[in-house]
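Next come two complexes, and both contain subunit A; in the first it sits with subunit B, in the second with subunit C.
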Partner chain A sequence: MISLDKLSKRFGDRTAVDALSFEVPPGQIVGFLGPNGAGKSTTLKMLTGMIEPSGGRATVCGFDLQTQPVEVKRNVGFVPESGAVFESLTGLEYLEMVGALYGIPQNAARARIKQFIAFFDLSFETLTDKLLGAYSKGMRRKVVITSALLHNPPVVFFDEPLDGLDANAAVGFKALIQMLAREGKTIVYSSHILDVVERVCHRVIIIDKGKLLLDGKPDELVAAHNSGTLEKLFTQLTGGTELERRAEDFARTFRP
Partner chain B sequence: MKTIFLIATDSIRALLYQRLLLGLMVASLALTIVFSILMSSARKNITAAYSSEATHSATATTAATNGMSATEQKRFRASMEQASSFLQAEFYAMASGGGEVVSLFIFSLAVTSEIRRGTIRLTLSKPVSRLQFLLGKYLGGVVVMAGYAMLTCLAIFIFAQSQGLELNPAVKWAPWLMFCDELILGSVAMLLSLFVHPLVASVLALFGGNGLCSLHNPLYYLLPSYQDFSVFSQVLQGSLLSWKDVLFLSLYALDFVIIMLLLALWRFRAKELI
Partner chain C sequence: MNGTEITVPSFFPEAPPTPEKTLRRLFLTLFLRGRSLRGLSRQGASGAPKSIAEKLAWVLVSYLAFGCFALFFLRQPVFALAVYLHAMTFVFLGMFVAASAGEILFNREEADILLHRPVSPRAVLWAKVRVLVEISLWLAGAFNLVGLFVGFGSGGNWRFPVVHIFSTTLEALFCTGCVVLVYQLCLRWFGRERLENLMTVSQVIVSIAAVMASQILPQIVMHVDRILNVSELSWRVNLLPPAWFAGLDDAFSGSGLLGSWILAAIGLGATALVLWIAFDKLARDYEIGLQALNETVSTPIKRGSRRLIVRLVNLPPLSWWLREPVTRASFLLTTAYLIRDRDVKLRVYPGIAPMLIIPFIFLVQNHGRGGSNDPGFIVTFSGIYLGMVPLLGLQMLQFSQQWQASDIFRLAPLRGPAAICHGARRAVLCLLALPTILLVALIVWLMRGNLSQLALFLPGIIALPVFALVPNLGGHGVPLSQPPDAAKSATRGLNMIVVMIIALALAGVASLSWKQGWFWWLVPGEAVVAISLYSVMRLALAKANWPSNE
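Up next, the complex of A and B:
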């Protein structure tokens, strides 16, 4: 469903993504992990057709990223990390515009939007009466997630999707993506909340400095590296050494 | 094409929600009307001056002309026509100035504000190409500027009616030319905003015309020719625009806008949206 072959991205002299290669089959939830600046968001932006790769090749749903970017976009949903929304539109105006961009008739789009509203415990009045700028962070996130799934895409990319969601919404969302994977959708889930990734994802890919470090099932990787948890494995791999001792030393500086 | 219209519609809706833009448009029209009312008092002063020369009548135009000699009547009518033309031209010049500010505000921020806020990621992750995005944003601005030009038309009509002015044929093309001028200015501002800060882009676009260049300077042919669209100078020089002149200017505007949009697209495609 997703195939990367030596995909690279350079910004001037800096290489953000360095010859990344992997494949994701349908129905799989892949945790896409890495420290800040590892190249996760850049990879997701390339895979959603927002920025052009500097080298290599990638296909999504059989469409080439460089020659058929609009077809790729038609088949993917994307929840970006940024919480930015169109502050001067109401939630309904924005979602109906997204529906129209995907060619969904207005009545069908509205019916679908109502299903999402019910799932996220939002009221229709909230969506029609208030501008997105007046929404809370969690409500904005729900609207952005709705916009990514509205057209029922076979591939969905989530970049920190739980950011801003309350506990109940987060639980519901995690259950939703597991159900979507069972329906055959491919999900790429980028997050720093590793225990959620460990519980939800079938497979994890860890990158650092744009390069692939590890790729496999979470429990198998943890067992193979004898690290106990995915979090410990991640810190081992990405250079986060002696974090607890450093925290203890720093905390001592607060003592009078 | 549908995608471009959707982006344009979305832009128009977002622009209309912007109180600052609406405030600019209202303030621009209000200033134009206030200034024109002040100008009309000058016209009344001319009437009063001629009336006192005629000694017989007080204020009414017809009464004033009744008491004048043929030469005086001719001079009086010429002055009245000149004052009326000047008044209408001044109205359009003011409205055009206001329109230029609105145009710079809309077009210099059309793409850059979305990049700055990060909302461009929401749009470009949908099945929208950068060409469609850019054209949609420009088209949205064009529609808002067309609305502004129509409001100006309405305002001059109401103003002329209330002041008892006959619409001068010299200014009949003015709203269209004003609109073309604002679109050129907007396209230049949009292009420059992809290189520099929108405020700097606006200033460069506004003062970067070829008005200060001689015909022998190559820049004269590269920089936009805003002054050709000014109806104010036409009225002051007493030269009327023919439909051929207007057609030529319209084609020039179209040509210039297309070149600016192509350059903007080239720059926008290469721009990294990190």
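Up next, the complex of A and C:
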């Protein structure tokens, strides 16, 4: 469903993504991990057609990223980390606008939106009477997730989707993406909350400095590296050494 | 879920709309409402929120009123009326498009929302341009409305309104196309980082050109019989876009002379060429620009000027003036934004430029007439006018695209915004007011060759600290704390008018005192009043609490 072949992105002299290659079949949830600045968001932006690769090739749903970008975009949903929305639209106006960009007839879009707001426990009045600028962060995130799934895409990219969601919404969301995967959707899930990734994802890809470090099933990787948890494996791989001792030393500097 | 029963009018009443139509509707809504709002709810189910639309309505009314000047052309040939209408329209549209295009064409937040949707960058560009042209036509329509009837009722025939609407539409397309083309060429030749600086420079130039045009045009109009006759036009007129579109009006509904047809042909050809290059040949550059907005890599900043400011802040006299750490931090923050931030630079410098140019025009005009007008009044007026630079600068510095980050001021253990405002005010005084005053003083000295006349700047310089505190009255005017959409406020204009009236009155009194020999009594008197006012205003600011951010 997703295929990367030596996909690269350079910004001037700096290589953000360095010849990344992997494939993701339908129905799989892939945890896409890496420390800050590893190139995760840049990779997701390339795979959603937001920025152009500097080298390599990628296809999504069989469409080539460089020659068929609009077809790729039609088949993916994306929840960006920023959670940006047009603040001066109401939630309903925003979602109808997104639906229209995917060519969804108005009645169908509104019916679908009602299903989403029921799932997320949003009130229809909030969606119609309040501008998005007045929404809480969690409510806004729910609208952004709805806008990514509204057109029923076969591939969905999530970049820190739980940011701002309350505990109930987060539990519901995790269950939702597992069910969506069972329905055959391909999900790429980028997050720093590693225990969630460990529980939800079928497979984990860890990158650092734009390069692929590790690719496999979470339990198998943890067992193979004898690390106990995915979090410990991650810190081992990405150079997070002696974190607890460093925290202890730093905390001492706060003593009067 | 109870809400499913509610019937709400759809944002897109016809189904299914094309992506192009959707985008056009979206950008128009965003333009009219503004892009960012803090805690604002819709007023009623179907109405738009209190918004830029209301302000735009007032702008349209004022354009309509200003358009009444066309009545002076009732007995003029069609070409003279058309040149006047197109020249003024060109100035208004040029300023509007140049001021709006940067924000509309390259909005950083928008990239995360739209770039992964199935629409081509070309469709996005076209939708934005259509909105720019649409709003331009509203403005042009309001200004030209009276002119349409004047043209019909004077030398023109029944074709004038029809042809003039067509030529004004072409003019709006030409203006928008030119601005988009400049952006694209800058992107192609200089890259995005340089583009931002170039756009600041070009907006400053457009603002100055508009102010100069507004000063020079009335003089042309006063001699309209002598110079605005198509058959007697210099070949240089062929270079002026308003003349092309005026030629179109004159060719179809006026004299119909060969010269008019040539101008009309140039206008049509130039518009077609600009549109073809901007929206076909260089459309790809816009796509690259949009994607560049979304690239998160950090570009190295030029450290030279910044290091210099940090060094200066650590040296007397600035280190004495900025002893208080919050004021010092606010000073550095404000200077950083005045030097680096594209959004702030695009608002502040083009806004300040006309302040500099108006005294200059007065001085040049008076010099050209052999100093026939009262030199005392003009120099004093220049000084007081320049005293308003910090007022305008601080008013514009309230707005920033990163306005939400200013919450950190409220989180800091400060009773109110006084220290933050003092830092910003001092930065504006150092970076904007001082260089501007020195420059105009130099011009006055060079033009009048008399150092003693520089004393006439004193009333303005004495009033300057008081003017600079006006934006902070009641604890308002906290730097970088308001969304940029709020910058289009009618109150700001009103404040400026009030201060300008005060400036004119002060200049009149100072000039009279200079003539009658009691100027050196006026200066200490004004100083006492200014110090008293300054002290009261500072005290009020020190006691002010944080203004509501709802």
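A few notes on this one:
Convention: the second predicted complex is superposed on the first by the 256 of 256 C-alpha atoms of A that agree within 3 Å, B and C clash if a C-alpha of one lies under 4 Å from a C-alpha of the other, contacts with A are read in each partner's own complex, and residues count from 1 in each chain.
One rule holds in what follows: a residue touches a chain if its C-beta (ideal position, glycine included) is under 8 Å from a C-beta of that chain, and two chains touch if they have at least 3 such contacts.
As the structure is a computational prediction, the values presented were derived from the model and not from experiment.
Once the complexes are laid over each other on subunit A, subunit B and subunit C cannot both fit and instead clash.
Once chain A of one complex is fitted onto chain A of the other, the partner contacts of A:Ser82 extend to both subunit B and subunit C. In the superposed pair of complexes, A:Thr253 makes contact with neither subunit B nor subunit C. When the two structures are aligned on the shared chain, A:Glu125 is found in touch with subunit C, with no touch to subunit B. The partner of subunit A that touches more of its residues, comparing subunit B with subunit C, is C. Contact with subunit C, but none with subunit B, is seen for A:Ala134 once the two complexes are overlaid on the shared chain. Contacts of A:Asn226 after superposition on the shared chain: neither subunit B nor subunit C is touched.
Looking at the shared chain after the overlay, A:Arg110 reaches subunit C, while subunit B stays out of its contact range. When the two structures are aligned on the shared chain, A:Asn36 is found in touch with neither subunit B nor subunit C. In the overlay built on chain A, none of the stretches 169-177, 367-375, 385-393 or 439-447 of subunit C clash with subunit B except 169-177. Taken together, the two structures place residues 11, 42, 45, 48-51, 70-71, 73-74, 76, 78, 80, 82, 84-89, 93, 97-98, 100-102, 131 of subunit A in contact with subunit B in one case and with subunit C in the other. Against subunit A, the residues of subunit B that register as touching in their complex are 2-3, 6, 9-10, 13-14, 17-18, 117-119, 121-122, 124-129, 272-274. Within the complex, the subunit A residues that touch subunit B are 11, 42, 45, 48-51, 69-71, 73-74, 76, 78, 80, 82, 84-89, 93, 97-98, 100-102, 131, 144, 147. Per the touch definition, subunit A reaches subunit C in the complex via residues 11-12, 14, 16, 41-42, 45, 48-52, 70-71, 73-74, 76, 78, 80, 82, 84-90, 92-93, 96-98, 100-107, 110, 114, 117-118, 123-125, 127-131, 133-134. Those residues of subunit C that touch subunit A in the complex are listed here as 1-4, 6, 8, 10-17, 19, 21-23, 25-26, 29-30, 33-42, 45, 49, 51, 109-120, 291, 294-297.
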